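Both of the next two complexes hold chain A, though its partner changes from chain B to chain C.
Now for the complex of A and B:
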């Protein structure tokens, strides 16, 4: 713990970075913290309750400024950083990526390649509760599944917190803000909510790193991360995508193989 | 009497300009008789057929959808249908997880020379959708605001 504060202090004092993005104690749970002064580093914390995916800030130049920035990354954050780097969204020389190990050692990564090597030891695990829910849904009939999702999504009031919390949703202009053509109804309605989630899942196909931030951010607790989780499983079988890792053969939906298999095209 | 009460499916066919549209044209010029319950929408390529268009068709009251284009390796733009194929594999899985009836979307490859195959495809799809009936579940959700139905 203290090692993290030491590291952050030295980075800020030596002027290596202009800010350290980490976690501080919030009212109920830890919240993201942009630490810009060496004297504020004592507020930095790191424990298993720190669940926000801080990679979401790394694609926002207006937040980062022009200087170098350090980020305290959890495992899911590291996975997102690797995926973002694969999509050419990050500048290696503008970032200092730190992580804290179980033995409270601070690791500073030399580059994105090193993160990938580090992540090899940590396979993405799906929460048993979520896996159970996926299994339950798969066991249902079509009609039951449809009722489940219509009911769940009827609570959605289109706050787009799922989009804001997702590090992979970094488009500056989102499809739901396009009104010519109007793909998705802008107001909350059963149809619009379903279409929005289908769009979100499709755009994350093969890119989602399974951090679960979307469901965590949802103020009404809709299990929307199931969509991308389930898709991750399917894509693994179809296209050999390893969940939580970037697909080195290229993005699933922007590449193809002539020998791709399907069993439904007549 | 039977003719009035029988359900006639509404089908929207999204087809590519170079193969299936020409194939459907051949069906007509060959004077093959086949079902007329469908409306063709012509696209430059299957790669252009956005999944949102299929959802829009359902929302606007389609009971079934046909998506058809050039056979693999026959694409006018070399790879549009390969990209489309991947998208459909992913999209179909997602729709199924959502509980949307994937049997209502018929994917196929119909070349410009396969006028007969197009007629058979339309006939069999119309028969299948007739069996499944109108897609009321989706239409109910789509028309929720218009009809001001109460959602318990």
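Now for the complex of A and C:
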């Protein structure tokens, strides 16, 4: 029995948690798994193919129930947990956060602060395929980039899988659903789709932890994570924001201080 | 129904005749890892080696967003401009699968259930469907479990079955199909004793649909909905790729004294789908929304329009970010013993 299964079994058997949110083998790839019985823990798996960001479930009270819940967190999930905790969306005493190291050891974190310390050793990696696309886009003229995004986003049919898969999109009523007044066209159209993605990128600016779940979830394959990634890059340069290390001065685009410089307004 | 043989060159020629006519043609096109139906202008653009397009082709009769009517207010007068069926172009769907063609049957049922939908019917009337029988399938396919099959002709105007020599068997099924043949009648040769079954994919029957419908009749309060839907994220990917999902929203695009009323796709998976203005939501939890999705397709639609709301195309399973595999869920319900 591997150490993760061992740990999950004991947490459930001893009644420490009511469920363990982890991964099980799915149809073609691993998928999220809500394990509530000690006898089901043998289905738990953990490997590099486990890519769903499970932090997305931690802001859904109807799924968590009133008891304590354990979550098997990958590095991207840990980064999201730290950011969610910083935004006061998680209760430390209701969660048992586990991760599995490369040497298959199970770590149980004592609290959010310990996760932050742990994450300092892991720099956010961008895979080569993605980097190539970023470089290609950087090499384009403004007009070419606009054409690229108009073409890509014209395919969007507004299923909002990007929003649903994002742990940081936890609003109970998203800005696109506010209809008094209606800020963004609710139907799919090139303009409305672009409006939606600009909104998404701006709302995630300085909050996105770069897990890539939005693009992974997109059924039509639009590389929308590049928008939030680019934002992350700019904010890193301008504000020193590091994904997974919340800015103690507050999220950059939702924090205001009277002494903030205003010399950028021309 | 008439059976004909068409050679490789004949197929190409006929295709070009369609392209050169006043009809627009949609066919599967490969772009990166995805294959989607797009407007096509040449035979070379048509994708060949793939199982299924990501999206269905329902948008030809039921667009993502369509203008129901537009209006203009001038002083006390309001002028309305209604949908004009004459503006709908003649359309050919090329190389759709039998499950795509079959998908229009339940859609037609929904759009004609009580009210006869002028827009949908006008668009469908101008659409001719050339399906290609399936020679390949994957683990998400289950057409044979929902009254379909890789060589099912229901809904098609013409069905093409490709043969090893590059030619094909053409089954001309409807007057619309016959009309399409008249664009290049010389390409259609006499039939050659072809056994179609020999060239079809083997799609095993995975559950008994009668058994499933029977189980669903008493499953409203079953714990199965909560179990199955825990990982569901509540997005609309499944509904939007589905060939039979027909839920829509009606929105206003008003600008000063002019405006348009727009019908656009919606999904029962969205939390706001059933939200009342009072704030009450009869389907507050994702499990209730997942139940609605399954019961609507496999219980309510058979009762009301005598058609299943599923053609077994498997698109929802392939599109789901968290692997909500509908076949797996349906099989487990069908096999459940009554307690």
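Note that in this section the second predicted complex is superposed on the first by the 253 of 266 C-alpha atoms of A that agree within 3 Å, B and C clash if a C-alpha of one lies under 4 Å from a C-alpha of the other, contacts with A are read in each partner's own complex, and residues count from 1 in each chain.
Simple rule for what comes next: a residue touches a chain if its C-beta (ideal position, glycine included) is under 8 Å from a C-beta of that chain, and two chains touch if they have at least 3 such contacts.
Just so it is clear, the model here is predicted, and its values are computed rather than measured.
**Q** Looking at the overlay, does A:242 come into contact with chain B only (first), chain C only (second), both, or neither?
**A** Neither: A:242 stays clear of chain B and chain C.
**Q** Compare chain B and chain C by how many residues of chain A each one touches, and report the one with more.
**A** B
**Q** Please work out whether A:178 is in contact with chain B alone, chain C alone, both, or neither, and reply first, second, both or neither.
**A** neither
**Q** A:16 in the overlay: touching chain B, chain C, both, or neither? Say first, second, both or neither.
**A** neither
**Q** Considering only touches as defined above, state whether A:189 meets chain B (first), chain C (second), both or neither.
**A** It touches chain B and chain C both.
**Q** So which bits of chain A does chain B touch that chain C touches too?
**A** 189
**Q** For the complex, give me every residue of chain A touching chain B.
**A** These residues of chain A touch chain B: 137-138, 140, 142-150, 154, 183-184, 189-191, 194-195, 198-199, 201-202, 205-206, 227, 230-231, 234-235, 238-239, 252-258, 260, 262, 264-266.
**Q** Give every residue of chain B touching chain A within the complex, in rising order.
**A** So the residues of chain B in touch with chain A come to 51-52, 55, 59, 72-73, 79, 82-83, 85-102, 106-109, 121, 137, 141-142, 144-145, 151.
**Q** Provide the residue numbers of chain A that touch chain C in the complex, in ascending order.
**A** Residues 26-29, 31-34, 52, 56-57, 62-63, 155, 157-161, 163-165, 173, 177, 182, 185-189, 213, 216-217, 219-221.
**Q** Considering the complex alone, what residue numbers of chain C touch chain A?
**A** Contacts found on chain C: 32-34, 36, 54-55, 64-65, 139-140, 230-231, 233-237, 239-241, 249, 251, 253, 262, 264-265, 267, 270, 272, 284-286, 317, 319, 321-323, 325, 328.
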